[in-house]
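Next up: the structures, one after another.
What follows is chain A paired twice: with chain B in the first complex and chain C in the second.
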Partner chain A sequence: MARKSMATKTRAPSTARQKAPRRRATAKSMASQQREISVSEFFTKNRHLLGFDSPTKALLTTIKEAVDNSLDACEEAGILPDLEVAIEPAGGDRFRVVVTDNGPGILKGQIPKIFGKLLYGSKFHRLRQSRGQQGIGISAAGMYGQLTTGKPIVIESRTSKRRPAHRYELVIDTRKNEPVVKKDTTVDWSAAHGTRVEIELEGVYRGGRHGVETYLRQTVLANPHVEIAFRPPGTTEADEPVLFQRASKVLPVEAHEIQPHPYGVEIGLLLRMLKETRATTLKSFFQTEFSRVGPTLARRIAEGSGLTSRTSPRRVSPERAELLLAVIRKSRIPAPPMDCLSPIGEERLLESLEEQVAAEYYDAVTRSPAVYRGNPFQVEVGLAYGGELGADDLATVCRFANRVPLLYQQGACALTKAVLQTNWRSYGTQQSRGALPSGPLLLMVHIASVWVPFTSESKESVAGYDEIIKELKLALQHVGRKLGAHLKRAAKARDSERKRQYIEKYIPHIGIALREILDLSERQEERVVRTLTGTLERSRKM
Partner chain B sequence: MARKSMATKTRAPSTARQKAPRRRATAKSMASQQREISVSEFFTKNRHLLGFDSPTKALLTTIKEAVDNSLDACEEAGILPDLEVAIEPAGGDRFRVVVTDNGPGILKGQIPKIFGKLLYGSKFHRLRQSRGQQGIGISAAGMYGQLTTGKPIVIESRTSKRRPAHRYELVIDTRKNEPVVKKDTTVDWSAAHGTRVEIELEGVYRGGRHGVETYLRQTVLANPHVEIAFRPPGTTEADEPVLFQRASKVLPVEAHEIQPHPYGVEIGLLLRMLKETRATTLKSFFQTEFSRVGPTLARRIAEGSGLTSRTSPRRVSPERAELLLAVIRKSRIPAPPMDCLSPIGEERLLESLEEQVAAEYYDAVTRSPAVYRGNPFQVEVGLAYGGELGADDLATVCRFANRVPLLYQQGACALTKAVLQTNWRSYGTQQSRGALPSGPLLLMVHIASVWVPFTSESKESVAGYDEIIKELKLALQHVGRKLGAHLKRAAKARDSERKRQYIEKYIPHIGIALREILDLSERQEERVVRTLTGTLERSRKM
Partner chain C sequence: MAKKKKAAKRVATQSTRSSTGTTPRKTRAKKATSKKKAARDAPRKAAVKKGNKKRSPRAGKGTQPPVPGAWKVIQRISTEAESVRKKILAKRTPTMQFPVRSLSNVVYRPTSGFFEMKGRTKERTLTVGTVKTFAQTLRMMAFSKELVESDDIATKREAYYVSKNWQECRFNEQPESDTVMEDVEALFGVNREQLGFIPEEKGGDVAGELVVVDHDRETGEELRIDCTRFGSGAYSIPISVEQLRFETKARFILAIETAGMFQRLVKHAYWRSANCILVSLGGVPTRACRRFIRRLADAKKLPVYVFVDGDPYGYSNIYRTLKVGSGNAAHMNEFFCVPQARFLGVTPQDIEEYDLPTHPLKDVDIKRAKDALKNDPFVRHHKAWQKALQLQIKMGVRVEQQALAKHGLNYVIDEYLPRKMANTGAFLP
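Now for the complex of A and B:
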């Protein structure tokens, strides 16, 4: 029918064709233009999607990607992270960024692809909280450096005392998205293990809330177990680095990899899993490839779709697969296991707020985990109030995703939206509609998830899934209510203190007056004053 | 030095290591996890980056991608586009989207990759205005369909009367990002040429400002030469389709491909071009690979860097390349050619506003082209005021990029920001700070460029490069000022009309009075009234 109606329509153009000034392209000439686009070509042209749209941001993003990788590696290996971040001027608007860690190091064979190929990594395919998740970051930073300075990315890494440290100089062949090794040597390296990444790029070094130092401070805030020595541009070897010290020697709980949860699976994925699985029966397929599916449930799913436990997954037709999915959605299946998450935790949040922020009231809450589109996630909020925090400014909101500070696109971010949508007035703080609360208030808002849905590859803000916003608001309301109570108590205390002072101030005069009137001895006067004070104090307290 | 300071640091962790509850991962175990990530796997997991984050949006995005391709193809071939867009319910929350065009068709051999592989296309590598630019859209839509319904994407295409129409059923192997042909047949097709794309997907059909119908209406608004027959869900073959008629039979001016402009080139790209060029001398390299470089300039650049016109590009060292770039940046080079752009044009903008919007005042302006990061771009603004436009609402802003309506992420978009940053109060319209102007006002804001910098792959909003915002504001101020003048004139006219009415109303009574006082004849009275009216009219006009 579509065809038919087109038949009549297509008369028009043929006439229009004659009208056209001259013959333009044909199917043939267009075909000759078709080409594959490598992912590195794509992101070179779309660098702003990766956070390289301005020189200031480019410098920050580069450091961020290197630090993320170092911290992930250290924690995976159970090592307390000691990082050094150095920014060395390299002439004109160029800087050399050097990030050195004490992590487990990287096997020689892996170095080229990890740093010289986009979309390559260990974190994309597993369900487990980590800072990196895309396999783009560090190689993109290297690519940006190469693009703006022509210089290769330099990696040194050592995995053990018994092995030498390897040194690579790499560039990316952007046409192929493949690493090209320019130099491959060994160097001596005094530490037993660790990795050093050096990238030269065009950038601008700035302070302020989007600056590198803010990023590092917030990193330590959300990662109290991390220590970072920072050498800003212009510091010499002689100078002591700026030291961001750890507030705790306890490593975060290790996050464990989980299988996908049945509720999160769509037909397309299910069909692919059925095709790719090593399992030979439906029963073992569901038990091994999914979380929370035991033998009984596996059998029920298979039989509920008119198949048997022993049916071979490869034999399942698309129509049957749909039935399987229907049964799954009807079955009651417990939430996915949550040990794939590693939140900061209320205790650490408090520790690190107290360490880093000079306030007079602190609070923190870690919600129990929830699920969006089958992905476990968990939100936490830390709060600091009063003290040296600016009383007249808007509240400071520090956003974190999987312990990584988010400095850009605050407006577009679900974490910010949740703060805006919370009614802070009812907790005794100022707030004009649609705005952040104002007053001496600092909020840490953290989402931890096996898959944080970022609004772009630059991972600057979190997409606003309803489940996520809801959890965030509950956490914010929790700390908000307690803040409200605290402010009430404080007000009351101030008030009664004032009353007490009145009494102290005036009773003595009454004493003196009485003494003159009744001409009492000093001791009598004192007694009168004492009793009066006591009585009044008691009455005041009622 | 970085090394040294690490040496001391690395003591801590080793102790920390013993503290760690149990040995975690090692460099070796981590290496075993490293894997390549295919671009289709990446976007399957990050579908929201492509505009598939909600079922409503998914349906719109799918149609948008298909329509974009059809229009690009028709225009490239010099064919007046006749499209049919049908949305057929396919059970439950599923729809079958069918887009049929009268374009030049697609060669058999190209069909699988164009529709079954992400990052494949003809538009990414050339500098020339077109709707598509990434080589992702339509294959991503197919992939989303496959993911949510398990159904293949179906393509029928015919390139000429002399050839049969081919029919393909494709799925994407997301692990490899390669097409898998499920069926390959020929069908009879009554039109001489054209393409039909059918995608079944999970979606929600909605009206409203984010709806398909709005999108189609705005498409015709920005493309007056296009005609679209729309079959919304639930319409049968018997029903007439909703017809969006063309306002003009004139095809847009053809956009021509240009070479990159020297100012837009960075060292990394220059090095690659020097390596890949077919040119054997620097002189011919600069003349053939760049726009706006003639023989003299080419020679000056070469010699300015201590090389000669005859130096072989492959022989240029990175250091020399830097010099070349320095010389280029110092040289005065004319702006890139602008025939790579094809704006709508003031005349067409007016035509189509008058055709589609019932207002009482219309205006349009097309700015002359400008350049950002070496990319030519051009902005246009159409304005309609009064008539049936809602007087109490905020202004309606229709955003377009390369003639494609943008329906989502209005807040994040440079086009919106430019409207917000324009001071509409000074043009006689209401506007509260930070908000859109209010009143019976509709604005069409269009950016045409060889490379529109979108804030995400879903191409929903434009990144705020300064040059772009500046041009937009100039265009908006231009139409704004003229609107202001118009509104003043109108007010004045109303005012004098009122005065005239007073005169008409009262003079006759004066006549009657005089007649009685001086007891004049009817004729005398008439004369008096006439002269009085005349005199007052004249005086009023002074």
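Now for the complex of A and C:
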């Protein structure tokens, strides 16, 4: 590498000598090229950041974003979600994706912004566990469709029986990041409320580990209260859809919104918060904008940085803000409240595994909440073993973040790493060095958090914070230990059964031999066999 | 529980049917008779055996293998079975005591001249793990009793096939059945022929200055077999040699490992020029072969010289087994050894002395030699043998009998053997 750059360097002067150095651009000419980049434009060029890097993935991501939105809306409204996902071939390599839910519906005025503007949403500014985070997903999917087929997104939504269902056809002005309504009509709907999203896009439909069906099955696995009817391409209205049935009618606990925890704040965010707050004193700023900060602590933070509790937040200089942060880091502050989390729960996990996976042994554990960088998170692991699971394959690891299945980038994910770092051999399963355990094993690994640290915006893998890995490993070890005990018990039972059969097989021959040698009667022979069987079976128990 | 019992019973009756089905009619009739009848038959058989003994009066007292009468073998089998049954009915786990059949359980006594058992025994307790072997051992005993009662015999291979009637108890390979058979043999301290089992292998070949006196099986007429009159062939040692008598004027017996060397010596009538008896061992000598040489050497007071390949197998397996017996059948060594045997060659020293072509020692050879130095009581007793083996390991080569052909095909007859025979005192013990 170094040698290569040297080589080009030595060659460079000779060409420079031939041509007199010339200013290629001036500040002025450069300024004429400099202009604002719209978010939509940026993502048009960097579609892989959002998970649209291949046609297969694009189709999956589109469905995923629509399903995520539907489920979030249903849960927030307290409705048991019933979804229908249909993929219809639309000629060539085009597909029409239609996702219909029974959610609360969307107000007419909000529809264009939600579906036709990137970074518009309800979830970005709140600290609360939800599937969507940034407000990019569904509009990006629409934009991808628009880019590859030129077709608008079609949204139908109804909010109540008393109102009509609206139908919008939207395109996004990628320059301005603004929705453009192409058509606005009302349509007939049989359901009282719900939303239907239709996006046409170029894609490839695939089965298998990264396929849509796997995604939907895993979605229902992590959301046992959800029911999804799936119509894969090539099926007609008349065909029965593939039904992923709900295992439970209990809605997840509602997650509450919380303020940011002081430990999780960085300098940029702190400066913005200082600027935007409505509080007039530092003391009330800390008390209202953060969780777990009381009057004493607020005063101590302010005074610790050479300010007073009555300083106006807007007057705090960036240097002082750094000091504030330093004091925060040194203070002992209780962990953030945990009601912002809504784990699946051990009971639901077990119900779900038993419904969806044909195995012999099930277990699940939900750890107590923990904190990374001021963000509460909670880890859950579900385990299924034996039965119809492939005995010769590597274990299947189903990863979930806030109940959303993660299908791509398994190797880069902290959830996978935790599984790999666990020593499964001590739990009676086989495991090659640095590999997943092998055997009829399925693992569900779930992290729930107000802010899941994804490694990229396409939300495919979780970053490996030490606190997260530690919690994951504790959960995995917990179910692993119990699996080990189970396997040991099973092996023992098998062993004693084998021994029993062995005894029954050969003892009659001792009887035969003794009868032949000693001319015993059948009754005498039978007595020998019976007594000996009893003696051996008793000795086996010792 | 009731169901289980029924199942067991069904298995039992089935196997009875099949096992009796294969035995000859007369056996079935005999089995139906009581133990008393068997005992009544016994003296008759014992008398027959005694008659045999009379025909070979020259065999010295104590050198005869114990030939317990058929009734005695049956009695021993029954006693053992009865003790097993008693323990079972007393709700204790039955056990059988077997002598340990390995070199570690023998001691070499130069005065008696063979490996004697040290008397260490292993106890086979009937547990879940041993129930199969235990059942097989008992069934083998039952089969043996049947053979003795009906005055029949079975080869080791036949016994293996008979076991195919024993359902789950059957042997999968013959070595398994051989081991169990040898266990039974050792358990009762008898020769397997007394249990009705005969070996497959032939005894060995004899040529030279010897007349073997045998009898016609049918008529009882005396048969005089002149071993000089087999031309390029040889007399084949029978499986049982106790009834044979010998007439010879030979000076010594030469036991030869390979058939090839034996052929050469027969072809050129070495026995005539050297006035000796040639015996081909064919590898490790069979019991019959060992017994034949022993009886012949005892009866005619002949020295025995052994001529084998110059490798650890020739020394510690072939020669040692012939001379002092084996660890495996230690209970019978007393009768199946030839204590008067001396080692003619090929010795490690011969390699240099006769400038013989060699092959490098294989790993197994070296292992065998080291093992003999460490564990073989015979080698450990004789310094001369330790020196020879150590020399061989140091030289790292082995030599075959046929290597003498380097100096001419008949070098062995014209040079090697005469030179060796001129100094028999130098033979290894």
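One rule holds in what follows: the second predicted complex is superposed on the first by the 446 of 542 C-alpha atoms of A that agree within 3 Å, B and C clash if a C-alpha of one lies under 4 Å from a C-alpha of the other, contacts with A are read in each partner's own complex, and residues count from 1 in each chain.
Just so we're on the same page, a residue touches a chain if its C-beta (ideal position, glycine included) is under 8 Å from a C-beta of that chain, and two chains touch if they have at least 3 such contacts.
Because the structure is a prediction, the values reported are computed rather than measured.
K.L.:
After lining up the shared chain so the two structures overlap, which partner does A:Ser456 touch, if you call chain B first and chain C second: first, second, both or neither?
P.N.:
First partner only, chain B.
K.L.:
Of chain B and chain C, which one touches more of chain A's residues?
P.N.:
Of the two chains, more chain A residues are contacted by B.
K.L.:
On the A-aligned overlay, A:Lys505 touches which partner chain: chain B = first, chain C = second, or both, or neither?
P.N.:
In the superposed model, A:Lys505 contacts chain C only, not chain B.
K.L.:
If we overlay the two complexes on their shared chain A, which of chain B and chain C does A:Thr535 touch? Say first, second, both or neither.
P.N.:
Only chain C; A:Thr535 stays clear of chain B.
K.L.:
I'd like to know which partner A:Arg162 touches here: chain B for first, chain C for second, both or neither.
P.N.:
Neither: A:Arg162 stays clear of chain B and chain C.
K.L.:
Thinking of the overlay built on chain A, is A:Leu518 touched by chain B (first), by chain C (second), by both, or by neither?
P.N.:
The answer is second: A:Leu518 touches chain C but not chain B.
K.L.:
For A:Arg527 in the superposed arrangement: first (chain B), second (chain C), both or neither?
P.N.:
After superposing on A, A:Arg527 lies in contact with chain C but is clear of chain B.
K.L.:
Can you list the chain A residues touching chain C in their complex?
P.N.:
499, 502-520, 522, 525-536, 539-540
K.L.:
Give the list of chain C residues in touch with chain A in this complex.
P.N.:
Per the stated touch rule, the residues are 4-5, 7-9, 11-13, 15-16, 19, 31, 34-35, 77-78, 81-82, 84-85, 88-89, 91-94, 126-128, 131-132, 134-136, 138-139, 141-142, 145-146, 166-169.
K.L.:
Touching residues of chain B toward chain A in the complex: what are they?
P.N.:
Residues in contact with chain A: 1-7, 9-10, 12-14, 16-17, 19-28, 30-31, 33-39, 41-42, 44-46, 48-49, 53, 73-82, 84, 86, 98, 100, 102, 104-107, 109-110, 113-114, 117, 119-122, 124-126, 134-135, 146-150, 159-160, 174-175, 189-194, 196, 227, 229, 237, 241, 249, 251, 254, 266-269, 271-272, 318, 321-322, 411-412, 451, 453, 455-457, 463.
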